[in-house]
Amino acid sequence: MADRERLVNITLALIVPACALAAYGMGEPFYVTLATRIAILALAATGLNLALGLGGLVSFGHAAFFGIGGYVAGIFATHAFNQIPLLVSPVTLMATNQMPVIWLVSAVVAGLVACLIGLISLRTSGVYFIMITLAFAQMIYYFAISWPAYGGEDGLSITVRNGFPGLNTLDPLNFFLIAYGLLLLALSAFSQLRDSRFGAALQATRQNEVRVASIGIRPLRIRLVAFIISGMITAIAGALFADLNRFVGPSMLSWSMSGELIVLIILGGTGRLFGPVAGAILFVLFEFALGGLTEHWQLFLGLILLAVVLFGRGGLVGLLAGKVRHG
Amino acid sequence: EPVKIGMITTLSGGGAGLGIDIRDGFLLAIKESGNKDIKVIVEDDAQKPELAVQIADKMVQSEKVDILTGIVWSNLAMAVVPGVVGQGTFYLSTNAGPSALAGANCNPNYFNVAYQNDNLHEAMGNYANTANYKKTFILAPNYPAGTDALTGFKRFYKGALAGELYTKVGQTDYATEIAQIRASGADSVYFFLPGGMGIAFMKQYSQSGISTPVMGPGFSFDQDVLGAIGDAAIGVKNSSHWSKDLDNAANKKYVAAFKAEYKRLPSLYATQGYDTANLILSAVAKASVKDKDAFRAALKEAKFDSVRGKFKFGNNNHPIQDIYVREVIKEDGVLTNKIVATSFTDHQDAYAASCKM
Amino acid sequence: MLLELAGVETFYGASQALFGVDLAMREGEAVALMGRNGMGKTTTIRSIFGLSPLRHGTVRFAGHDISSAKPYRIARLGLGLVPEGRRCFPNLTVAENLLASARKGFWTIKEVNALFPRLAERSGQYANSLSGGEQQMLAVGRALMTNPKLIVLDEATEGLAPVIRQEIWKAIATLKQQGQSILVVDKTLSELLPVADRCFVLERGCTVWSGVPTELTAAIQDRYLGV
Amino acid sequence: MAEPILSIRNLCKSFGALKATDDVSLDLHPGEIHALIGPNGAGKSTLIHQIAGTLKHNSGSIHFMGRDVSALGVSHRAQLGLGRTFQISSLTPEFSALRNVMLAVQANQGSSFRFWKPVMADASLKDTARDVLDRVGLLERADIPSAELSHGERRQLEIAIALALGPKAFLLDEPMAGMGPEGSKRLTAFLDTLRHEAPILLIEHDMDAVFALADRISVLVYGRVIATGSVDDIRRNPLVREAYLGESV
Amino acid sequence: MSSALLIEQALNGLQFGVMLFLMAAGLTLIFGVMGVINLAHGSLYMVGAFACAAVAAYTGSFWLGLVASLIAAAAAGAIVEVTVIRRLYNRDHLDQVLATFALILIFSEGTRWVFGSFPLYLDIPKVLQGAISLPGGAQYQLYRLAIIGAGLVVAIGLYLLIAKTRLGMRIRAGESDREMISALGVDIASLNTIVFALGAALAGLAGALVGALQSVQVGMGEPVLILAFVVIVIGGIGSIKGALAGAILVGVVDTMGRFLLPQLFTLFMQPSQAATAGAAIASMLIYIVMAFILAVRPKGLFAVNA
């Protein structure tokens, strides 16, 4: 079983860059962009998978972190482009358009926000948790819509994609490699974390919180740390997503974005290492392939998703690799 | 070599009616022209900016379209247009006219064939003076197009405001706002609530027992929504740069053809689609789309039979056009509009001056 | 025969738990099902009720083949279950737990309250706030309220105080006298054997011994029950 | 006598009008098994919940190893060395028996905030856990997910988890429940040796086990301790016979 | 600001609350009591509104439309339960999320396919048109009063059904342990279909009633969905009382927030800035309230024992 899952994972890991390289070779930059989109969404969902898949924390508000990352990228890019300092008092702070700095800032801001949201939300559980995370995301969403400084509902255009030392981010392949590299990093961190002591405690907390507390592990701390890490990863994905689209807007913060991230995970296989990757591939391809066919493409997308839930237990990875055995 | 046009518009979800009208108007013009060298690719953006960007990338990079067009919503336009025109592709707006693209960020490859977002509201502000309103209550959703709308209205309106309200985007219940209107002692109401918001507002307003007259931009009283509002809309004044009863040959032919083709009356969105297609056709006849400078000049000339009568571009590639005041009437059992006044002639938007082009 | 199992084999997913269980009992009998931990007693009961459908073999009850019937149909034929681990409905009050699945017959809330006065005192309390023993009483009462032809008790005295346990065994004896058929799994042989008319012993998912209690020699007990 | 490890004074807890714990005081000394018996609903489990911290008491005090633990949370008390089992098994269902125990060993060793090293490659966890499973006789079933264990096996796993915590005191809520005759016998013998590792507060309805093991017995009825004493005292106490033991013993 | 206006706004808040309850009522049943996360609730609401509008347009009678909305939504609900939901009871809640998310797409596009892309016309029935004068000089719309009535009837009916009937007990029992209740002889599968259809019918009813006040269009269900979840969660999942209380709280807070916040902000801001800033906070307000309530009472106002 485990070997089969490994095989599926390796295939999934190779298929995306292989397609991207092939497309690049054939002079079809758009397909490289599509692969980049897959990698970025998979990265965002990998972040969520940590909270949702391992920790059972069904956050319906991860768009908040995704959007925060996006806005950090957007705001930095705008300020850097227009040479307007981010802050004038107490110190003058110039913006940079270097991605690593932007990622760091995204992660830190999202981490702080996640810490705040988590401290309040994690007192609840189950559906209440779903809804309270949604509530926080909605607050940020409405704030972004009605906050005129950075475009409100219209969002913020990124005139020139942010840069990365030594690479030309305007080149689709270079940008893809950045996104994919980050995805691989996140996946290996996810896998390491899942098998670690922390991962064991996190997964146990999902299954039986009282039991975990009774052996002397504080469930709240475990969950909070997981939630924060999760939000940080998703935020980095958000920064990349904004750079990919050269645009960030409140729709990145909307509840349907949160929903889409959840859907990606379930589609691919909840809690599975490569679930988000499989989910992102499926979702983006469906959306892309169906969109051109008929104006009623969403109907067919719905039917396909439905078929996947009904007949493919455990998402795509579950379908290919079978049930998980928990060591 | 055929001219490739990519159309990104909203064909699914709640806002689909607008996109469908744009598409239908556009395709009607192409069909009428009989020009076989034009290839139009239509895709649905589902009113999501990210999806619109993805489709735009595909059309530009993979399908190698020469011209993009079709977007309904300002926020989608803001996401798509800067990138597209930056890559040297032409973008012709069939509806959205955000101020950001009219002023400092104007671009020679970006043409707006519809209006600048403030225009219709400005026209209504101007009309409110003519109608001698002294105390108007104004409301709009709390987002950029909403604040632009009220700013536009106030730019020309000379009376006092009985109140100014910003509602929640997507709000469906307006009892609170209506109560405030009642209490304010306003002599008129101006609202900008696009789509379902406006329908809900009008239905509820008409049931509230208030008789204060209502005004709105054409969006809220056009063919796509009038049926849903029902008789409550009769008599309402609204502004538009086009009307079904505009007296010119092109318009008569267009209205009849649209009715024959689609079994319904055209809306202003359909009209914008139709005019955009005709503009492109006129330019294609004059210059090759591959010769960007020549083609751009041909577009800018705007020598085509606009159903609006006269049409020309200002320095910022936004229209200079007449804006009318219409009144909702019932004609042969169908709700529609007739022109009752002209608010502006040769009106240009307020941002043109800051466009360095 | 009231209940008859022949060659029952049951799986949990891919792992087999029963390898051939045979059991037969007549109306009015009290039958004990015995075996060590993990030998398949609960699984046998789940198979009877259709909760863990069998893959091979047959189960017949009161003249019907119920091998592949739906649980609720099986129950309506007159089978009442007191499950292992109580499984009271936590979000229902005591009275609601009793009423939810009640069917017409001798047993009513009044009778159950008479049998377990403790439940009468707790009638409006949610089941998840009951003590373990109270939940156990509730589970027995709930099964009785369906007025079954055959009541099946899976470790129904687990966690009960000795006095109550004696009450339950007395109740079982009374039920039996009234002609109620009973299938019971229990760990305390000293209490179980006096009421049982017949015993079946399971070992690794198979019926390995059956007979009347007096034949259950020390040797057999030692071998299969570890006493 | 030595200082008690666990000392409860005048503990009270009510649920609405119901006094589930009514002025209870009791001690647990090193090396002893202190049995707590009483009718169903007497408040035994409620008492354990309050000691472990899953329920907050209304008044009174709980001292553990000389320290007032009243204000501490569940996990904090567990870290100090309170090892408890649940009356109704409470396990991590997807984890195998082994991983259930490994988690307890991990908690006992201290940090759960280690993000890198895989637990399954961690011999210090695995070997200790296997030893513990062996002690309760569950080693054979180590790799079965706990949801798939039979009821009796789950009860054994409960005890294994408490053991793995290496606690300073055990709080065992009906450990014999669900065990067959063989299991009960073995467990009785096992607890007999366990008391030397840490004292045990033992709730049990299995009187054979209680009488065989207990150094002292407290009897709880309607939340009150009505008697405390040696096995013989309790056996002879007419009140206890009426309220709890019945005619059986 | 006159006190009459304040009273009218309070009444508006109450009315909006009851309307929210009506929209959430079906969800309370399906989600709160049966424990199924049904994201397609808004779609059933839309189905009701479209059925009502279509039949009302065809027959000229709003009331026939109302009947049609009940039938159409109940039928849609029953079909959904039998073909989709039934297979998911024993699965992770997340599978229900994905499946019902898919259903939203199917319902929305299916409806658009059948009815086209333009909003439909649905008006208030003749007898309920117009406003009546309330003591104190305020005017109040008759139809809104009727909605309050309908909401309260539904609330009481649901409460009795869930709390007092055998059916209600079985539904709740099935939510906590399906296997056990069926082993006790209850045909929980059919029962769930019935309950699901009933919940759907309530959604359809709300769609029709509220549709007459709003725009009947594709996508009208989605905002309702979120609001309905908010209402139920604030009240405490599974509690009818809680849902009603939650709905009224949300209704009053939202209404008063929209009304008062911009005025409050004028105290220290320029009017037009105050208008937008006030509106911004007002649009976040119910979420702020929800987060606050859940932070203090993690299981909602009327937490049901579970």
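Brief remarks follow.
The letters A, B, C, D and E name the chains in turn, as written, and every chain counts its residues from 1.
As a working rule, contacts are C-beta pairs under 8 Å (C-beta built on N, C-alpha and C of every residue); 3 or more make two chains touch, one makes a residue touch a chain.
The chain list, named the UniProt way, goes like this: A, E = Branched-chain amino acid transport system permease protein; C, D = Branched-chain amino acid transport system ATP-binding protein.
Nothing here was measured: the structure is a model prediction, and the numbers come from that model.
Listed by label, the chains that touch chain A and also chain B are E. Steps from chain D to chain E, minimised over paths through touching chains, total 2. Ranked by how far their CA centres sit from the centre of chain C, the chains are topped by B. Computed centre separation for the pair chain B/chain E is 34 angstrom, with centres defined by C-alpha atoms.
Annotation: 28 Å between the Cα-based centres of chain C and chain D.
For the pair chain B and chain C, the distance between C-alpha centroids works out to 74 Å. Distance from the chain A centre to the chain D centre is 44 Å, each centre being the mean of its Cα atoms.
The set of chain C residues that touch two or more partner chains comprises 129.
Touching two or more other chains at once are residues 108-109, 112, 276, 279-280, 283 of chain E.
Annotation for chain D: no residues touch two or more other chains. According to the touch criterion at the top of this document, the contacting chain pairs are A-B, A-D, A-E, B-E, C-D, C-E. Across the complex, chain E is touched by residues 11-17, 20, 142, 147, 150, 164-170, 172-173, 175-177, 179-180, 182-183, 195-197, 199-200, 203-204, 207-209, 224-225, 227-230 of chain B. Those residues of chain A that touch chain E in the shared complex are 52, 58, 120-121, 123-125, 127-128, 131-132, 134-136, 138-139, 142-143, 145-148, 255, 259, 262-263, 266-267, 270, 296, 298-299, 301-306, 308-310, 313. Across the interface of their complex, chain A is touched by residues 31, 37, 39, 84, 87-88, 91-95, 97-99, 101-106, 108-110, 112-113, 226, 229-230, 233, 237, 276, 279-280, 283-284, 287-288, 290-291, 294-295, 298-300 of chain E. Residues of chain D touching chain C in their complex: 15, 37-46, 87-88, 148-153, 156, 174, 177-185, 205, 207, 243-249. Residues 11-13, 41, 43-44, 46, 48-51, 53-55, 57-58, 61-62, 74-75, 78-80, 82-83, 86, 98, 100, 142-145, 147, 166, 168-169 of chain B are the ones that touch chain A when the two sit in their complex.
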